[in-house]
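Shared chain: subunit A. Partners: subunit B in the first complex, subunit C in the second.
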Partner chain A sequence: MTEETKTKAEDPIVARFKDQVSMDDRQAYEGYLVKPENLIEFARTLKEELGYDYLSSVTGVDYLPDEKLEVVYHAYRTSGGPAAVFKVQVPRAEPVVPSLVPIYPGADFQEREAWDLLGIRFTGHPDLRRILLWEGFEGHPLRKDWREAYFEEERKPFKNRWPEGNVYRVEDKKAFGKNVSYPDEFTPEGWVPEGEQSLYAALEASEQIRSGNGNGREDELGEEVVVNLGPQHPSTHGVFRMVVTLDGETITSLKPVMGYLHRNHEKIGERNTFLMNMPFTDRLDYICSMSNNFGYALAVEKLMGIQPPERAEYIRIIMAELTRIVNHLWAIGFLLNDLGAFFTPALYVINERELILDVFEAVSGSRMMCNYFRFGGLARDLSDDALQKIKEIVNNRLPAKVDELDVYLTGNEIVRTRGEGVGVLTAEQAIDYSAAGPVLRASGVAYDVRKADPYSIYDRFDFDVAVRPNGDVYDRYLVRIDEIRQSLRIVQQAVRDIPGGEYQTGKPQYQVRVPAGESYGRVENPKGELGYYVVSDGKPNPWRYHVRAPSFINLTGMEQMCIGQKIADVVAILGSIDIVLGETDR
Partner chain B sequence: MFGMGLIKGLGVTLKHFIGTYIDDIRWLGRGRYYNEQALEQRQGPKARGVFTVQYPEEKLPVPEEFRYIPFLLYEENEDGTHQDRCTSCGICAKVCPPQCIWIVRSNDPETGRPVPEPTDFFIDIDICMNCGLCAEYCPFDAIKMDHDYELASYDRFQHHIFNKERLSKPVSYYAQIRPHNYQREEQERAEKEAAKAARRKE
Partner chain C sequence: MADEINNPEYEVPPELQGQVSVTSIDKIYNWGRRNSVWPMMFGLACCAIEMICVAASRYDFSRFGMEVMRPSPRQSDLMIVSGTVTKKMIPQIVRLYNQMPEPKYVLAMGACASGGGPFKEGYNVVSGVDKFIPVDVYVPGCPPTPQALLHGLITLQKKIDRQSIKSVRWYNDVASEPIPIPVLGPDLIDPRDFPRFAELQAKAQQAANETGVETES
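Presenting the complex of A and B:
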């Protein structure tokens, strides 16, 4: 019995907060509307008394016609079950919301993102700076009245494509000048990067909070050094930068800097039609395009109220689990790279990955940018040849290869000494920082969306949630090995039981009708919980399209993992979180 | 014992190393490189040792569903003229996620009605993301994804907006790169026409 199934009047939360909290009774919306002044109290009750300890997603929506900005929170219990959704509405002219970082530290980066992209100010946030964009950026791009540099029209399809077909190149339009705007009194030529100073100030502040005194520096023997790792650094897995303060070799504070690959995926998504977003989701976490498709398809199908046919469900699960194997093999290979085993382990696992990519290519037409899922099914059927190939791989080849990998690395003394006790995140910290996926489970929290809140047909398969107790780099490696084995189990069952029949409900349509409403579709992506928050207003384009990106949110706990560690371990810790910058920066 | 894990691991490396030579010896005289059978074996799930493909001397065969840059299909008439399948309905331009398709439709100067064949058709292949939605939703099977992935050129400003001439390929080419899809579509088309003819008789 959950809150949702009770009627409005007897809802315990509404009853408790009386006129401070009300149900969100807009058509096809869920959750509670909380007044900004009651938000802290409400969240504290939710966490401490009702057990919603895991804040999954924080995001904002711009309701321009109502002159309102809304912040949407999704909280879960790590023991499983559905979400508690709560929302705060503030006037667009003065969007100020109390920060939830003191209660849920995992809200840190997500609130910064909402400030950056929507201009919602969170009071009480310890470090409210822009996170994805640079500080010389004018405006908050996810506001509905903001227009990008090469703005053509509010929504696709653009009118000049057909029937006149006035072809032009983007380069031929003016790249600078009228297309780019800067804040008042900002001159690009005379620009002094103030952001750097505020970044270093934040670094110092964070250190002082931790050490508990205002002038820790004088007490130390040597002077502290600030070191920038990245953005161009081979071990950061892309253009990612970390600024660390060092006391000798020991890290005293760390701030990740990201956004170098930012392209405002969400704004593009709001210009696109629902279907057009599908190939764009491939490019978030480009290692796991199949399961990115999965989450988005789930979110939109929830809104449309359709179900894929049985065969499609099985194929979806086969593809998602193969993707998990691909991702974990890749993560292990590159973790070893970061530890200094240059490319031999990586190439051994890439061998196996290639076999799975061959299957993806035969099925979807592309090795990495699969674009295979459609609303209510799939783009095309799985051929018998491909199914045979999958069977051969998961039954005969991969189990032996995973065992070989286990012999190869697990007992290796170098891997163990570099990994054990390094980058520890305790179970409480992992939940607090909203860590997800292998990072959370390596800290001893058996939370897996596939079990905790089953989607698709995962409840039919027999598998275990991989958990390890120590929360260090080595355990994150072990969790990934365990998960590969579990995924193999699932695929073995799925290829055995897969039924025949249709692979798509109804006729394939390029203009899908999505009724107005909101939905949050989440899947257990290989890197953690991937969520899509979609708001539709009944038009062909989504009103709001938000991605809860696991690689982005997993970085919230990065500083905690690194404090007190040696500088040489930062790279190993980052490798063990397993980020992909396409998803982190979006 | 400290160091056992390392030694075991090195054993795995040695196994991989030796595996390569065992396969080389097994394929002695037949040629482990530069032929299709050997490539298929080396790339398949039964392979051992190295997988390297000696590109460009060897090329991986692409599966039928492989997709890369769309092309337009035309029928070859017996008198040597070409008939575009495209009717410039504009669905591909509407469904294209990065909006890289431009179609010029023209009207008949006498009747004022639209001419079915497009006057011109452009795809900016720098913008195209190879998603295949245009081919998937084309009601006339007029635009399909190609298999030709070697498109490097020296000047992107001159050569990367493909026009109708550059995009058009005969149906026979399509039948060659995607035999199964082609057969299925032809069959569906024949059935549809038969149904239409039957309805007309009534």
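Presenting the complex of A and C:
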């Protein structure tokens, strides 16, 4: 017996649960396999006794050859440290798993996503509806045997493009010339759309009481009004939609509706080769393309077992922190937009952002979609000119500009009155709802992946985790200002210490060889913890590719933040969460 | 443009020069319209960020009379489709297009809006907004640089310059029909495809009958 298997046998969790829980002993897999009937008890013990209070990621994997669907959970301690990974396997024909929402409310949207895309039914989930697609959509697209209308082959590169190269337009081969496919015998006549009754349930309930059919007394009814914001609304930061029930001006319920920008990142990612996914990650959170690259590169490098050279690590940190500055500047500018200072603060911050975008363009060739990271390094080296430019920006220009923002905005009466005490999320709630990034830290939880579970070379830099105690809109704004300052500190140290040398391990490759196994790579993205769950079966394409998107999961606590607030505050609260729809909907 | 207005191809008597401008109605009509194209404040995806940058001080499209972004379709002249058009979103986009008053223009910004882009094969992605609404200008890029978008907007101005008040569709005798709004079914349903459904079904029926006959014989 090897050393490793010996420690596995003595694992305290396995010892405790005896035959209910076993180690996942597949090659290069980690964590515990839990039986569905023991899941609730296992999760409760994990949370309440072992201190894994933060459920980071929930996702499913379709193991078609084994006729199994697997749900994978990643839980962490907010005090720091590695993950507790646990998995539940259910037969593909009848995938039923108990919902973890009663224990970890942050599982809510993620379980709905797993239901939507993989068809895993979570019993006990309070509101198991489709989340990214619409009710009535045919099938569960991330199942391995589900095929999209434009299906060509299971894996890229497609034969019509390489090596044969008989290029054709896929539209020309389809019945309608469009990206659609219908079940056999489908006729649109007589077909009734599913509708959105569940969104307007509150309205219907009061209607019923008025007509004398419902439970409750008519004189107790408030003036309930349902307001629909979005998906085309100037302040929903994209195509996001909220259905808000109001009593007077006070919010009694809020249902986020998303998926209007669901562009099938994961399905396309599983057809792509590993390297092809890199530019797609740029388009997740399109303001922070560099740090999106970072997380994906980490996940795959973990599987491949390679390390980037020293210089590449420094350049990565510089780029990721510059991205954080860009993102927070943008978020602050547009939060002020939402508070009524239309576009003037945004113009100031966009000006500064352009300086950093020039650096990105110089190193990667593109302003926004940088596609700069590679497995084991970077696409190009950082030129001396660009380095000089970065030094100028972080040492001379930005510190003064951040102070300027601080002077104009932090003490501003409107910012304070509209921010203080609005949209409060307490520390316990923030952890429960799996909030991440500035939203979590503004609630007084000093959890930052860069410190809690350091990746790359973050342990070498001297910086503080920005924390604020109140958990309101104003504190989220302050955390962002603090984080810009901390990021400047990190970049200042990095440009001072950056060594020479290679920027890539080995030769640049068009095709990487990734051994079979699973890995979860996570980084502290500007919006929160961004995780990539990658499963490889040894072929050139990932078997499963899942993104734990902070913008998506941060919205789980949105209703909690809004209930009891005024309708005008919804926009400010949404602005303070700082979502990007490319990442929310993927 | 001012030069063209002041120097028409007509003879102006010397005593009226500098006081009277003679021009064609098309020129003055288009001159006014091209310099006040109000885009709708409508962002879909990544390209919207570059669109905001074009509105900001560095690239500043207010130089071309376009700074008034309207949040309401009723007040806008131009829809910049800035990003991936998904099946879930297309009913709203078509509805917004129908709500815009004439004259209206559509600019497809970026690869996704023009033809599906990198996400084309996705099950929830429409391969280009022109499958549903007419597009006037396509701007390539992923995302297009601000300069590219400016070029697209100037191209639209050139297109407006070439239009004639005699032939534009909004002064036709026949009012233009609104575009039927797509429906979300098992997949996206375009009401204009309804006859095609019947056709395909008849064909399938026929094929089934033929194979049925073959197996019987």
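Operating definition for what follows: the second predicted complex is superposed on the first by the 533 of 586 C-alpha atoms of A that agree within 3 Å, B and C clash if a C-alpha of one lies under 4 Å from a C-alpha of the other, contacts with A are read in each partner's own complex, and residues count from 1 in each chain.
By our rule, a contact is a pair of C-beta atoms (placed from the backbone, for glycine too) under 8 Å apart; a residue touches a chain by one contact, two chains touch by 3 or more.
Keep in mind it's a predicted model, so treat the numbers as computed, not measured.
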{"item": "Which superposed partner A:110 touches (first subunit B, second subunit C, both, neither)", "value": "neither"}
{"item": "Touched partner set for A:560, first subunit B, second subunit C, both or neither", "value": "neither"}
{"item": "Touching partner for A:133 - first (subunit B), second (subunit C), both, neither", "value": "second"}
{"item": "Contacts of A:354 with subunit B and subunit C, given as first, second, both or neither", "value": "both"}
{"item": "First (subunit B), second (subunit C), both or neither touched by A:89", "value": "neither"}
{"item": "Which superposed partner A:397 touches (first subunit B, second subunit C, both, neither)", "value": "first"}
{"item": "Partner chain(s) touched by A:164 [first = subunit B, second = subunit C, both, neither]", "value": "first"}
{"item": "Partner chain in contact with A:262 - subunit B first, subunit C second, else both or neither", "value": "second"}
{"item": "First, second, both or neither for A:408, with subunit B first and subunit C second", "value": "first"}
{"item": "Contact residues of subunit A, present in both the subunit B and the subunit C interface", "value": "170-171, 279-280, 351, 354, 369"}
{"item": "Subunit A-touching residues of subunit B, taken from the complex the two chains share", "value": "2-6, 8-9, 11-13, 16, 43-46, 51, 62-67, 88, 90-91, 93-97, 99, 101-105, 114, 120-122, 124, 127, 129-133, 136-137, 145, 157, 161"}
{"item": "Residues on subunit C engaged by subunit A in the complex (per definition of touch)", "value": "41-46, 48-50, 52-53, 56-58, 71, 83-84, 86-89, 92, 96, 112, 116, 118-127, 131, 142-143, 145, 183-191, 193-194, 196-198, 200-201"}
{"item": "In the complex, subunit A residues that touch subunit B", "value": "156-158, 160-167, 169-171, 272-273, 275-280, 344, 348, 351, 354-355, 358, 361-366, 369, 371, 379-380, 389, 392-393, 396-397, 404, 407-416, 508, 510"}
{"item": "Complex contact set, residues of subunit A against subunit C", "value": "132-134, 136-138, 141, 148-152, 170-171, 175-176, 178-183, 185-189, 191, 193, 231-234, 238-239, 259-264, 267-268, 271, 279-280, 283, 286-287, 346-347, 350-351, 354, 367-369, 581-582"}
